[in-house]
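Labels A, B, C, D, E and F are assigned to the chains in the order they are written; within every chain, residues are numbered from 1.
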Amino acid sequence: MERIDGRNKDEKRIINIIKDYIKYPDGSVLIETGNTKVVCTACIEDKVPPFLKGTGEGWITSEYGMLPGSTQSRKPRESSKGKVDGRTMEIQRLIGRALRSVVDLKLLGERTIWIDCDVIQADGGTRTASITGSFVALACAMEKLSKIVEFESYPIREFVAAISVGIVEDEPLLDLCYEEDSNAMVDMNIIMTQSGQLVEVQGTGEQRPFTREEMDELINLGQKGIMELIELQKEVLGESASKIGSSKQ
Amino acid sequence: MERIDGRNKDEKRIINIIKDYIKYPDGSVLIETGNTKVVCTACIEDKVPPFLKGTGEGWITSEYGMLPGSTQSRKPRESSKGKVDGRTMEIQRLIGRALRSVVDLKLLGERTIWIDCDVIQADGGTRTASITGSFVALACAMEKLSKIVEFESYPIREFVAAISVGIVEDEPLLDLCYEEDSNAMVDMNIIMTQSGQLVEVQGTGEQRPFTREEMDELINLGQKGIMELIELQKEVLGESASKIGSSKQ
Amino acid sequence: MERIDGRNKDEKRIINIIKDYIKYPDGSVLIETGNTKVVCTACIEDKVPPFLKGTGEGWITSEYGMLPGSTQSRKPRESSKGKVDGRTMEIQRLIGRALRSVVDLKLLGERTIWIDCDVIQADGGTRTASITGSFVALACAMEKLSKIVEFESYPIREFVAAISVGIVEDEPLLDLCYEEDSNAMVDMNIIMTQSGQLVEVQGTGEQRPFTREEMDELINLGQKGIMELIELQKEVLGESASKIGSSKQ
Amino acid sequence: MERIDGRNKDEKRIINIIKDYIKYPDGSVLIETGNTKVVCTACIEDKVPPFLKGTGEGWITSEYGMLPGSTQSRKPRESSKGKVDGRTMEIQRLIGRALRSVVDLKLLGERTIWIDCDVIQADGGTRTASITGSFVALACAMEKLSKIVEFESYPIREFVAAISVGIVEDEPLLDLCYEEDSNAMVDMNIIMTQSGQLVEVQGTGEQRPFTREEMDELINLGQKGIMELIELQKEVLGESASKIGSSKQ
Amino acid sequence: MERIDGRNKDEKRIINIIKDYIKYPDGSVLIETGNTKVVCTACIEDKVPPFLKGTGEGWITSEYGMLPGSTQSRKPRESSKGKVDGRTMEIQRLIGRALRSVVDLKLLGERTIWIDCDVIQADGGTRTASITGSFVALACAMEKLSKIVEFESYPIREFVAAISVGIVEDEPLLDLCYEEDSNAMVDMNIIMTQSGQLVEVQGTGEQRPFTREEMDELINLGQKGIMELIELQKEVLGESASKIGSSKQ
Amino acid sequence: MERIDGRNKDEKRIINIIKDYIKYPDGSVLIETGNTKVVCTACIEDKVPPFLKGTGEGWITSEYGMLPGSTQSRKPRESSKGKVDGRTMEIQRLIGRALRSVVDLKLLGERTIWIDCDVIQADGGTRTASITGSFVALACAMEKLSKIVEFESYPIREFVAAISVGIVEDEPLLDLCYEEDSNAMVDMNIIMTQSGQLVEVQGTGEQRPFTREEMDELINLGQKGIMELIELQKEVLGESASKIGSSKQ
């Protein structure tokens, strides 16, 4: 089997992360992975949701959207329909969990970081690109915050990134594009930290169930891709990358 | 570590499935697993959603709800709030995917099977109990349908069941109750077929990430539990259980 | 005319009230009247709606729902439609009024009692069963509360119960089942206290208007049924029944 | 006890019905009863709701609203809140039932009559004024329709009107104004036809339950008021009043 | 070209403003311009929206609605549809801006004036009639308020009124009725103060663009009409008219 | 007065229009004017809204949104709030009207062109940039459509563009940035065709009314700016620009 864009099975798409893409948010990037393009922003607010008031802890929450023109046929606007669909909610919750898993919310203090991921163009892997990109936006915002607020120690514990893997025509592949994703027998999203630990695994048998051996192979592929993504995140963040994890025992 | 209810680490809670619990739906069960109680119903409708019209294929869709009194503190009614929250949507989509994975929708023909799972009492594991229970409701509805419609071959390919596993105080445990779940470091839901293949794996590092070894251990535990659940499903379904998978090559 | 289930004209269906049906709420019952089954719960909250803040008075509010599988053809879920329909609202308001009519809200103090009635199976008379059942749930919650809070005198003044009556084929009948209700010329819901006083009468000429003589006959039937229901409520409540009305001058 | 506006206990307020108040609807009136003012319109549409399609029967449906400035303190607009409250729904359903009870929907044919009642100024009794007024609007629309369509016989079988009664300071009173209504111990709405038969009785013990003797007295008062209202309806309708009930056996 | 109702090109329709049309609001009028009838009310509330709290400034906000029977074919109720449409929002914002432009919100102090405009009958020009009428309602409310509160100087700086103009069959016309409006090539709403200054101009080429010369001609027509409207406002307000603008330097 | 960014009073910001910015829609641009950035897309659908079915005419409709991170402080997402606010609706309607004014909808045939304008970064003038940009997206889509469908003559009659003008500190200025707009005494949006005719004028006295002389001056400024914008549109469209207006008599 040859991949539609000629990549090797364990080869991710060309990825580009442009920092400071929008001028108002505390952190912002445009992440492009193949034809998928997502704007990720991080805005800091000096208050927390009611369930955290008075606890001294902070929060990270995420929202996700797709521009109507981002998909192959125009996607009706959720604001016009008056409600957010199930897929959007699932992705929003996933992004929030992923980022919270590497931040010490006690060190953050009573602040909320709002993460917004808006898909400009969609060619598969928008949720994993959103996580990978918004980690960088979050890191920029934290860097900025750390210049105003004196943290006891740096609140970001580790790098985190995400990628999709899947089985297409019985072949495990890394970083599916839309066409591959549409035909995938098995579809899996993996979120992993720099130390190779899993933050989230979501594997779904779309056309057929999968064996445990296949699962292992998929995670191997994902791990390879994620380590490469984290290298890129470091490069983009430059000097401020070194603070991340610095306070970890 | 001793479990709160004295169970072994690889021991699931006492499970009970009462068939034909409500008289109007085509299939219905009350599933009780420990203190968790869920009513699952299956109703057949002779039409399909727009995207399937004219394709000859059927559909299985699922909705999930919790009675306000089912939780430790009263849960506000989603109909009163006027919207379904993200967690509910995620669960609804999960149940639908799980059941569709073992049914041949072409054999079903242009019909929709509506699965409703309503939690009467919640003590952890409501989404996995919903899947295990609604498979039985689905099987009853299919049995009933098969007496009216002549299927080319039986549309249910395999048994499917689901269970939760997790890591609590660094110990991998099977079938978490609410209190265990609230303190879990890692939380995983596993959906598996009778043949031991995975339909869905969703693992989340709630308090910390997890290693691949831990992941393997959790899946081992889950597989043990699911095989026991499928035995129970067979028993409850009695004679009609034998048709399931009968048409598989 | 013979009734569809062979009952006498002034005979109510077999009724069963199971106390403590769910473990978390302060009071809960399953009430079964014929094939109608309703879960009624009472949850106490230590605050009141804005219009009562600072008045020292409490409140009792009610919500009502039907499981999708409870009706002959699947009833679409109100949470999915995003709004509560007119019939539901009418019933919710009715239940709340009925229960408030026998409770001294000043004695209750600044607390809200949330009553939830969820229909598991519907065969006519769900609103009256909800009232009869939720009175018992309320009484259990009050009993529980009275062990924590010292009431000046007991806040429940009287027993209250409800039943439906109607005219079918020109015959006045007690406690209509669904099929009778669908064909009723006149439909009436009666809520009455133990002392035989009316709390609410709602009579509707569905197929034709009705005379005042017919109205009297219907209320006679209802009164007979309600007195029997109150006997059952007392039995189910056991010892704690004796407190109700104890503080009445 | 003297009434706030000096009326006798069995005396209704001054009532005025202005026909053809708005020019576009098929029928329209302004009804003023004391300080309560309601615009009632009837619009005929040549189709029916889905559940009646192909049955040959028609439908009458009703909507009710209050102008924000109609009440003592400004009432927030339901369109701005994005939902219709329970009281509004209850009233809408009541008006629709009342009018349908005196119309032969088979004779009407597959048409919907939309009744809209909009309260310009509210001083108690808006729901009963809406019914009394919209019967006249309906009759005007039917008269107009009867000039285009040849009815087998005239679809309106009887006059219908409505009035409120209540017990204030233990005195039964006819046609409560807002201040009386606010202090009523018992509140009852009665809808009755010209022949003295009941279409709907809704009695509520607001501050205390009520005896059957009190109920009888209230209905007597209501009947007196309704007969006077029907006289006024006839007068306002003039010649076309004679057709109503003409086809009754 | 002769106008449908025989008016001259620069002749507005017959206008009538009835003050104190509803008894509860602080100010209220019924404005009739030709067949267009709008109830305008002004209610004063002793608080301001969050963005003004603590600033010492007041606010004027406006809502607009149409009765279902006000239009040629019944207009579905926005409260039933659960949302306010774009045209309504545009009009609401326009009325609010127009009135705020002639009131000194600092002098008003931390109060909100709620303006409600409800169209009873619509024959074109409802938004401009709403502005002209609600200015009078506002002036009545301010007069009333000035008897309770001692203003440093009178908060209303100037009279303001509005009228529509348009080009029909290439002829510029003043004060379009519905039929003219439906066929207008160009449609313009003009809001102007007594001193002949523009508060708002909204011109739209409906069927074709328009030249600057045409624009000038339309504004001339509008100015003529508005000056006549302001004369009428003064007459209706009587003595209290003299306070308006009295404190202007 | 010196402008904040050093421009002359009649000088517009630097403008850049990037064609084919997104790959799926039939037409798409990124328009940047100063710091304002808007993605405009045009998608053709082969059906029309109900009110046009069977007329042979087409439709152009528009939606507008702002990314949460596009504004100085994060703008809550309209899809999360579940409704579109009044400002958004006003802008959507404006864009649609502007584009329809230069397209012959009969020549377009029964097709809808969906225009989406999504603001990536907002620094004033987003609605006028949306119109100027989406005209180019529309022209691209029409060009593409003209290769599939044989038009009787080319449906776009003229170029159209839009710009904001305003009075700041009593000085009329062209193309206000956000800071100027916030302090504007008068604010005006002008939409004009290539032939110098007005499609829409919306002038608002924000802090004070304005004279007719000021209005003329503002329109002069706007006309200068729009002619420059149309030159840029032509340049960006290249060869296909020549078709526009080619079929005009």
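Observations on the model:
In the analysis below, a residue touches a chain if its C-beta (ideal position, glycine included) is under 8 Å from a C-beta of that chain, and two chains touch if they have at least 3 such contacts.
Keep in mind that this is a model prediction, so the values were computed, not measured.
Of all chains, B has its CA centroid at the greatest distance from the CA centroid of chain E.
Comparing the residue numbers each copy contributes, chain B and chain C share more than half of them at their mutual interface. Ranked by how far their CA centres sit from the centre of chain F, the chains are topped by C.
As a whole-number value, the distance joining the C-alpha centres of chain C and chain F reads 60 Å. Centroids of chain A and chain E (each the mean of its C-alpha atoms) stand 51 Å apart.
Chain geometry summary: the mean Cα position of chain D and that of chain E are 34 Å apart.
Taking each chain's centre as the average of its CA atoms, chain A and chain B sit 28 Å apart. In chain F, 82-83 are the positions where the chain touches two or more neighbouring chains simultaneously.
The sequence of chains round the contact ring, opened at chain C and continued through chain D, runs C, D, E, F, A, B. Interface of chain D with chain C (complex): residues 83, 85-87, 89-90, 92-93, 97, 101, 192-193, 195, 197-205, 208-212, 215, 219.
Contact residues of chain D toward chain E in the complex are 22-25, 28, 35, 39, 41, 43, 45, 63, 65, 67-74, 77-84, 88, 114, 116, 118, 120-121.
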